[in-house]
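In the two complexes below, subunit A is the common chain; its partner is subunit B in one and subunit C in the other.
Presenting the complex of A and B:
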């Protein structure tokens, strides 16, 4: 008769050298996977575990023996015998400069990670003359009660586009538009979100590394100076709507849900939700008081 | 995808379908509407409402006529094949085409693809079950799986997608008229004796009534007292005016809910409950039989209490000393009487991201799919799986000159059932309150999107607003019942229900539509 069990996935072992030490990963894994396994702290902005890397940010670059240029570790597959260096002056200088470019063209202040790397790599933002350095200065787009778009914080990492498209949602409500410094994430013809193809799953917000996309609850609380992540608790539960069983992480502040996420590593959601799971929680806190 | 608009009703399940499509899987959508799901299909089969058995039988006959069935599987794992073959003989491609309204080529293409696929799944939801032949519709699909062997093995199977976060769990827990916890038959003396010994009480041996039968018993004054927990039948049920009259005629009604629903407004006593998923802890079971832990995130408002605590308090009044066991204590007791849950400790549920039943022991990994026994040499001692004979019968509500259109109901992405929960957030894409209508029908009636109309069925008349929807076939209208406060659609739907499942025929209501005299456009 037929084989009835789940087929076992067979991937061969690949050995690469990271800063002089051998690291074993599996065929199909990336240099970043090997760096993580070797315990190297690699900065990434456009990379995410649930989206396909598009190599937009170049902050995860490493030196690869035999390669003229630095390579993006997040998307370069590991090959047997590769010799990789992550702690050289060349790598540090490149990462520093990339971080400086990002931080002088966009507002990255709400990204704890990027702010931390700026310090780690000794980024010097003052060497870019604010008079002559172009910045993203877009006004915040507030077009509904669910999430806002603050493109002055956008670093054009493409993760939202990927999540809206083939990596998860297949809605294709947003894409890159414009050329050069006019490059922006945009809905079709820049129509408002409610008029666009957007279905408000919020999966773009979930992957945004800089808070350019932000839940309206968080945006409003920040505006009032009431956003207090250190006071928030996170409870993992199961969505109250359909029978798929999506896991929700309810971020709670002052006995109110202020944000809903889903674990990237959960087999049902891979970090993604629909509009009901992401935003449909409000009924438990429309309290009379 | 048969009778399911998972793209809107089960969006994250559909993400997995989309991954499959991206990896080269073929997807067929069988749905009267060219739904958001159908738009991702390799082929959309827009069959006539309620012709599912005709299509399934036609596909079966095509598979047999073209010798595409899995003979080895049929001989080893099934019974009743010859009777089934006889029963589908009338369903030639031509006859199937005539009843379903589908092109002959499309039926053949689906049949061919399903039968010859290495692995194939049939997924369905309420488009299959919300008919007066709902159970037979399901059985007709099961026949196709038995015919081809697409069941009981990794990657193949029969996939009913559940509509509520714990509707599977409710059944698992024994909230069914004929089952005890863990689907153990209440009429089975041995099983009942096990529960009686564990619970130190006597359990009635006769099955109770399901919701539809309860409504009939209430109308007949045989059932006079009702305790409703977390359900809103006064908005959710078909032919709602009958249901409301029945509920209001009860001698005593208790409603336990997180909101004062319409049903609760009829109640003698309302017990305010907390929201299970965010204000208490416990387990829920999803469509894939995965038991998962829910955890408390918020304190409930006012005097609202956990459902379990309320029931415990009532039990304590009835039987002093009952106490107030915690959800985990109750779960651990359940594991001693329900073998399929026995291996699921809270610790494992936490660490392993949930477990799929059956999981009979702590060292059992849980079960990714059911019916693997069909492929065992000895069928694990079971009887072979039976083919069934299913006779196509059209919807009960007849379309005629007086009621020339058919209205079907469903769900839209951002709303949920009677709207009690989903009305609570301000969705920028809210839709579903309108009567969706095909362009040709709108033109014939002289209405456009935004026109107010009077919609009548054989039971009631309500006012609605038209939305012209090119994805609907001529003669078919669509709406939801998410907005019963303003558009009380279930006044129109028919009380006809499936005698096997108790499910009402929400999918087929004959209607007439008249423009309002003062129709503003």
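Presenting the complex of A and C:
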């Protein structure tokens, strides 16, 4: 539901100060947009270009003059005259703690970005006594051949819920369930995906920041130690199934397609696909041998 | 609107009727009956599908329907959830997501008609709640430990969810009194209000059972405030509330007049929502008003509706308040039958009605935007602010949200006039304030004092300290511990703030030197861990980590000093980066307990 913004030419200019420098953005843009424009490197987890941020992760927080608490830059609209600080000790300390909380609760090892920020912000994970520090320890859910759900890697960013729901697919097969630390992304009564409303578009997998949702191909290759992203090539093409014209990015390893994505900035897909484009590629590699 | 695809599990006939009845009750006209039973009138498909975000017109019935099924069947089966999904056109994953958020809904047959929620939280813990819980479980009862039930002046307390019968709370509970209450051989004792009537304003009717009926209320001066209010233009009523200096009594002390004028200035439709989700441990003042003087709340709300041009009022009351719920329900029905709610209220030419909604066991729903989500049929997760409810509240419309105690002050303000009301108390803390005295005081209860009385004076009103005082928990779990050096601080918003504590919702829980503070503080940590909605990382994880830190101090021999740096970090990120007040205040009591040397073997 992000298509309702006013056309650029009708939006007025808004000037905010980021770390002492004035930055012009447009009405309706967020503080994060202004930070990006000012060249500030801002970590984000629950924010994504194709989903509405639930601003749950709080790793993008910044100081806003006049606000008692820090504010989430990803979802706070920029207002004229705002004075924002991103490079203070307070911001760094808060981001470091959020990152420590993420990494001590879930397995974030397959998120290059989060692993990088842990170093950048000096997260100290060793001070958490493993014996008394509760983590998400869910077993991997393998219920079909298309994708798996490893909720021990889940950081509960809501992106998959948004993608399955109002931001893309309008299927609502999954939702947040439970409360507090026991929150889990779940189908109704935790029924299997084939029993749920899931249509296997894989748009949830596409937005997952930690590989908690993973294509089965990738999962199997990783298990065998054969997942080699550095050897993969990406071929961009147009889906051959229907007339919509979705762009596909075929990720190829050892002359086999190992996953299919779509560019986030593509005007037709905004990163989303349907089950055919996402998973229906086997015919391409039906080789005579 | 999504297509509603459900699993094969089917609802029983009983479950289907429960769902249908709940919809009929809340939205008459949507159901017809044929020989086979209830048939839902289906919306035109195109209407449903063309509906905009959040105007899924039956979604807001989700909580009432879940309650109805729980009350009749005892639990929510997969078949019942599927039926709810189909009838309300809510995706089944979301029905499950919402239901699993609330403590009072379960997905397994409890195996008994009565489920006992025994308070083992702060106030009851020091009055034998824990022991009672063990004894009742040993008796074969189905027992859950419960957060504060708002009966701290009559601790220990038990809330009984009964299948097919009215829920009941048992006060000053013993094993025998619980048995008697469930056999129906014991009636619920009336809450003591220890002060003399002459000293009371807000509480002046709670002694008087007659005030529970419309006629009784009127003969004790009821509806005089409304009669006066309607002689003024609505804007003048708002101005009186502003002039009175009334501030929110739920804990945040926000100026009520400011809120009202903001809502009145927005285009309609507007809502007035009463936050009766009184769940802050140690707080029970609103319950006493609702149980004993329900019409005062209804009258004040009617004045608010008139003043702000809000035609729809809502009361969101916590699910663990069965007696207050019955009292309000009957009063609302009676007011409606006397034409004091509905179209043309009292012949004064304006429309106002009240819908009562029940929470289902979630402290976070006392956070105002979580409360709005809960009414709308969503998980009780706080919204990001701005925008604020005054512009984007219930169903996205302008909404004033007021606490019960705050609201009933409006009657007084209209009768006295704002300026006159403001002469009570101090310049910044005007009027009278209810304090909830519990723990080790000789006469626990709700006390009404004019702002400015000192902490010592209020404790003296409650008969003084029972035993040797060690600390006072001010403001509840979200407040802080203070020591005897604070006894002479006047209980005003400004003086308490200057002294470094908050009055919060008016909790004064006195703790003597017999209290096991390690266990007491650990229970507060558990409270926040259990009650965090889990939406934002700082609070979802921070409330767990601080509990673990306390566990290391308590059971693993870690020193307070060694844990302090981490506890400070947890507190910082919860305070600075959480979405709502729960995270902001989740560490205050714990750090103050350390500062006072209450935990960690320090003396």
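By our rule, the second predicted complex is superposed on the first by the 278 of 289 C-alpha atoms of A that agree within 3 Å, B and C clash if a C-alpha of one lies under 4 Å from a C-alpha of the other, contacts with A are read in each partner's own complex, and residues count from 1 in each chain.
As a working rule, contacts are C-beta pairs under 8 Å (C-beta built on N, C-alpha and C of every residue); 3 or more make two chains touch, one makes a residue touch a chain.
Please read all numbers here as calculations on a predicted model, not as lab measurements.
Of the two partner chains placed by the overlay, only subunit B lies in contact with A:201; subunit C stays clear of it.
Once the two complexes are laid over each other on the shared chain, residue contacts for A:175 go to subunit C alone; subunit B is not touched.
Contact with subunit B, but none with subunit C, is seen for A:269 once the two complexes are overlaid on the shared chain. In the overlay built on the shared chain, the residue A:21 is in contact with neither subunit B nor subunit C.
Of the two partner chains, subunit B is the only one touched by A:235; subunit C is not.
By the touch criterion defined above, A:286 reaches subunit B but does not reach subunit C. When the shared chain is aligned, subunit B and subunit C each come close enough to touch A:166. Across the superposed pair, subunit B and subunit C both touch subunit A at residues 1, 166, 170.
On the side of subunit A, the complex with subunit C involves touching residues 1, 54-59, 61, 69-70, 72, 75-76, 90, 93-94, 97-98, 101-102, 104-105, 127-129, 132-134, 155-156, 165-166, 170-183, 186-189, 191, 195-197. Those residues of subunit C lying in contact with subunit A across their complex are 2-3, 5-7, 53, 78, 81-82, 85, 91-97, 100-101, 107, 362, 379, 384, 529-538, 540-545, 548, 551-552, 556, 566, 569-570, 572-573, 575-579, 584. For subunit B in complex with subunit A, the residues that touch the partner chain are 9-13, 15, 18, 22, 40, 72-73, 76, 149, 152-154, 161-168, 258-259, 275-279, 284-288, 290, 292-299, 301, 353-354, 368, 372, 375, 413-414, 416, 420-429. Residues of subunit A touching subunit B in their complex: 1-7, 143-146, 166, 168-170, 193-194, 198-201, 233, 235-247, 250, 252, 255-257, 266-270, 272-277, 279-289.
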